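Across the two complexes that follow, subunit A remains constant while its partner is subunit B and subsequently subunit C.
Then we have the complex of A and B:
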């Protein structure tokens, strides 16, 4: 009798507990949301470059300059620790792939007017692919950026095929570059 | 006539200021409905992150171009998907979020109404008891009257 009366509230409590545990364990759902850009043309951009890239790439890098090439577009900030983690990986893959039909583009964001910090970051890792600053975050909004680091993979037809939130890994770069260049 | 020039200028400046204030109020009204992409549970109006600041600039620019609220929302939804809206859109799976509270409220009210009806009906029902039961109650009431603090166990059988 007692058990029969307690059963319905008990079931409700267990179900709520399970829902709570699910909510706790599923991680940050906001960050796992797929980009709205997937499969769509990558947004156009005009990126003012840091001085060290200007001899090779000009003062401003535009998406029009890069037409027909696959792109790896990496958003970073000087205060972002995972960005320090992934920078050597990006540089290593750039060195390996720079003669292929792909261009890496680094975009410093959420870092308004911190040009010196940006320069220090670029020299620390000797990043040789073009990097510039999105000072007013306009490129970031166009690309639907949530946080840093985020990396977008754009195929040679100019379509976004993948977005990765968090530091890139060698496995990811291998897989996605293969996909981009095949 | 020349005396009125400063007055006129002041009036124009006042009008321009009022328009600016109105525009800013509209920017924040729209920004309040958008989610800050780089924050946790904060609106674009509440956040001072660079991306939110830029989103407010974009809202203002688009309002100045005469775009409607819906067009501005569509602009951000095109980049961030429905996630960018703090209120889930009223369509598809998102309808669950809108309808569920109403459904739960209706069910809860119906349950309470049903229970109240049942309680009222029960309270109006004449008491049916066999002569033995009546005798037992009478005995126990008598015992309770004589002995204000009944021993445990004697009151559990009714």
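Then we have the complex of A and C:
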């Protein structure tokens, strides 16, 4: 009788305990999450671009268009605070490197139909590298995204050499761009 | 010869406090069990002694911080010689070990106060003992797992200083203390509820004994949340105040359940209903405050506020599970004593509206908890990492907040038991009228977004409700007394402190709601680059980058831009957003904010400025009505304090309860 009554709280406590024990044993969330893509060819994508990029890059940017170029693929969302932090950094490096053999691609994801928010984000930071929306989040699935922001570095042979979770920093951009371009 | 060493002295205080709490808990429970008055008194004296020795420990830590004694580990890891005195004082709660010491100290203070002032009752010895059990945990953590008084054999010559975000604003001196005062205050009703379950006295006694404690804890927690929002607005540089970050969420959850509690205890006081419900709420509130500490101190959920991990996280987890299991287990065992016997007469009644508001607050708590834990659950089940962002929380909670506002207006107008149809229709007509007029006016004036317009409508509706409440109370008195309206209002406010205080609190909530709706709904946010000597336009303002500056003080290096703000050609203000560098830490942007009743102008530096830089990149944010959030918070705190002031309980309430008891018998 007593046991039966204690069962519901016991079950709740055991479940919560197991969940949090998992959380503790897993350790603090890592910034550089291992990606299954590392060293492999980057997945293909077709990205419908925002209006402001269409004169220069066309309405849809595909991975085929970019063959032979190194890529910095940045996933962001209009609701993601760290994305606001890193946007100026990305733009600064794009301005510095746009004449080199590298293309930056911004992909708005997990942000269904929030095109106006996306446009506001782009004009807020004046991002001049091509940005488009992954409206059904399918690109983010192909690329094995864990969260936003995440940034992938793809070399000229089309292989993913690095993935960074969280906002990018100047140090990281310096190091990885050098790695990509030599 | 021997020099006085602060480290061992502080440690001694902490260990002594731990021992006294352990002794008090055991002696108090034995004394309560055996009805031994001497043991009970001894436990109460232990509570007072515990407060004295832990006060000594805190004083020792302050002495170590102020004298830059880097042989004390906490001082060496968190303080710096160059910090100004106020920063050294608040460094006590700038890092984990110190803030747990502060928490434990406040807890021992409340316990001592309870031991001295609580009226004699069968609940008191148990309640004091349970407070001491909680103390055993906190002092245990301070003494054994995170001792800030460890002695460093080779003390460094200087330390790194506290977290740069924390020393950048005076608000940091206030926010954590308010938070802990809130959490600790809400420990008292938990202790009394446990005592009520242990002694099989689940009536209203535990609630009436702790009403002031609950309200005090709730008031501090509310103030802490508002102060935290203000701090993040003034410091973090993104021009917002709430980001649904886990650290924010875990402070909100106990507030939500505590808000439900302060409403539903009234139903139990008046109608002897919702007994088990109130117990669940009080237990949940306390558990959530421990859970929150665990979540934010262990790195289990990722957050922009990173705290160091260590053994403290697991300790809080074990304590959380222990508290949850024991308290809910006890509730399950006592279920037969606790169950309600009365039924709701009608949903359209005061108790019905309290029940509704409870359901809403519990739903809000659940939504916030789900959003906070969901990424962890997904990762545990499937190994995938997901992030839950503000859109989830906004979409789920906004409709619930609107319903809360709606119930807040109608609830206090409904009578207990059952509403009379005619009166109800009359009130509803006024409320709906106010809603339509206010909402329509907002619509005509250009507020075309749904939630801001709805909020204005509901604000009008709530002001009407407050007006009707006051009119209902004052008009008969005016007729009888033939005094001036002001005199009648004053005597009413004085006689019904709780009721009048609650009106002030509700008014504060309306003000906050309007501030939130407009600052979130109509915020303009832009990144602008200005060359020095040039100007840029921003939403009606002209910003001119006049000059740059670098200031050095021993504590920090501060560099920034001088921006002249003008409107229609007239100068409005000179603003100086800057970057502060404390010691070797990273630069902290320090926004310049121009507070206005209609909107704030917020400038944050997004580029570094040196003597030779030619341009500045600014993040410029204009948030309408955002100041009203802080004003509303202030009103809310005043209202809570007003309700707490004075000691008279409303006598008629008791009389009705007695009559009801007789009727039920």
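Brief remarks on what is shown
Following the convention adopted for this analysis, the second predicted complex is superposed on the first by the 149 of 182 C-alpha atoms of A that agree within 3 Å, B and C clash if a C-alpha of one lies under 4 Å from a C-alpha of the other, contacts with A are read in each partner's own complex, and residues count from 1 in each chain.
Assume a contact is a pair of C-beta atoms (placed from the backbone, for glycine too) under 8 Å apart; a residue touches a chain by one contact, two chains touch by 3 or more.
This structure is a prediction, so every number in the text was calculated from the model and none was measured.
In the superposition on chain A, A:178 makes contact with neither subunit B nor subunit C. Of the two partner chains placed around the shared chain by superposition, subunit B and subunit C are both touched by A:147.
Within the superposed three-chain model, A:6 lies in touch with subunit C and out of touch with subunit B [touch as defined at top]. In the superposed model, A:22 lies in contact with subunit C only, and not with subunit B.
One of subunit B and subunit C touches more residues of subunit A, and that partner is C.
After overlaying the two complexes on the shared chain, residue contacts for A:80 are found with subunit C alone; subunit B is out of touch.
Comparing the two complexes, residues 33, 110, 146-147 of subunit A contact subunit B in one case and subunit C in the other.
Looking at the complex, you find that subunit A touches subunit B at residues 30, 33-37, 43, 109-112, 136-138, 140-147. The touching residues of subunit C, when paired with subunit A in their complex, are 238, 243, 294, 298-302, 304, 309, 313-314, 317, 320-321, 324-325, 328-329, 331-333, 335, 373, 376-377, 379-380, 384-387, 389-391, 525-527, 606-607, 617. Interface of subunit B with subunit A (complex): residues 37-38, 40, 49-51, 53-55, 57-58, 76-81, 83.
Those residues of subunit A lying in contact with subunit C across their complex are 2, 5-6, 8-10, 12-13, 16-24, 26-29, 33, 77, 79-82, 84, 88, 110, 120, 124-126, 146-148.
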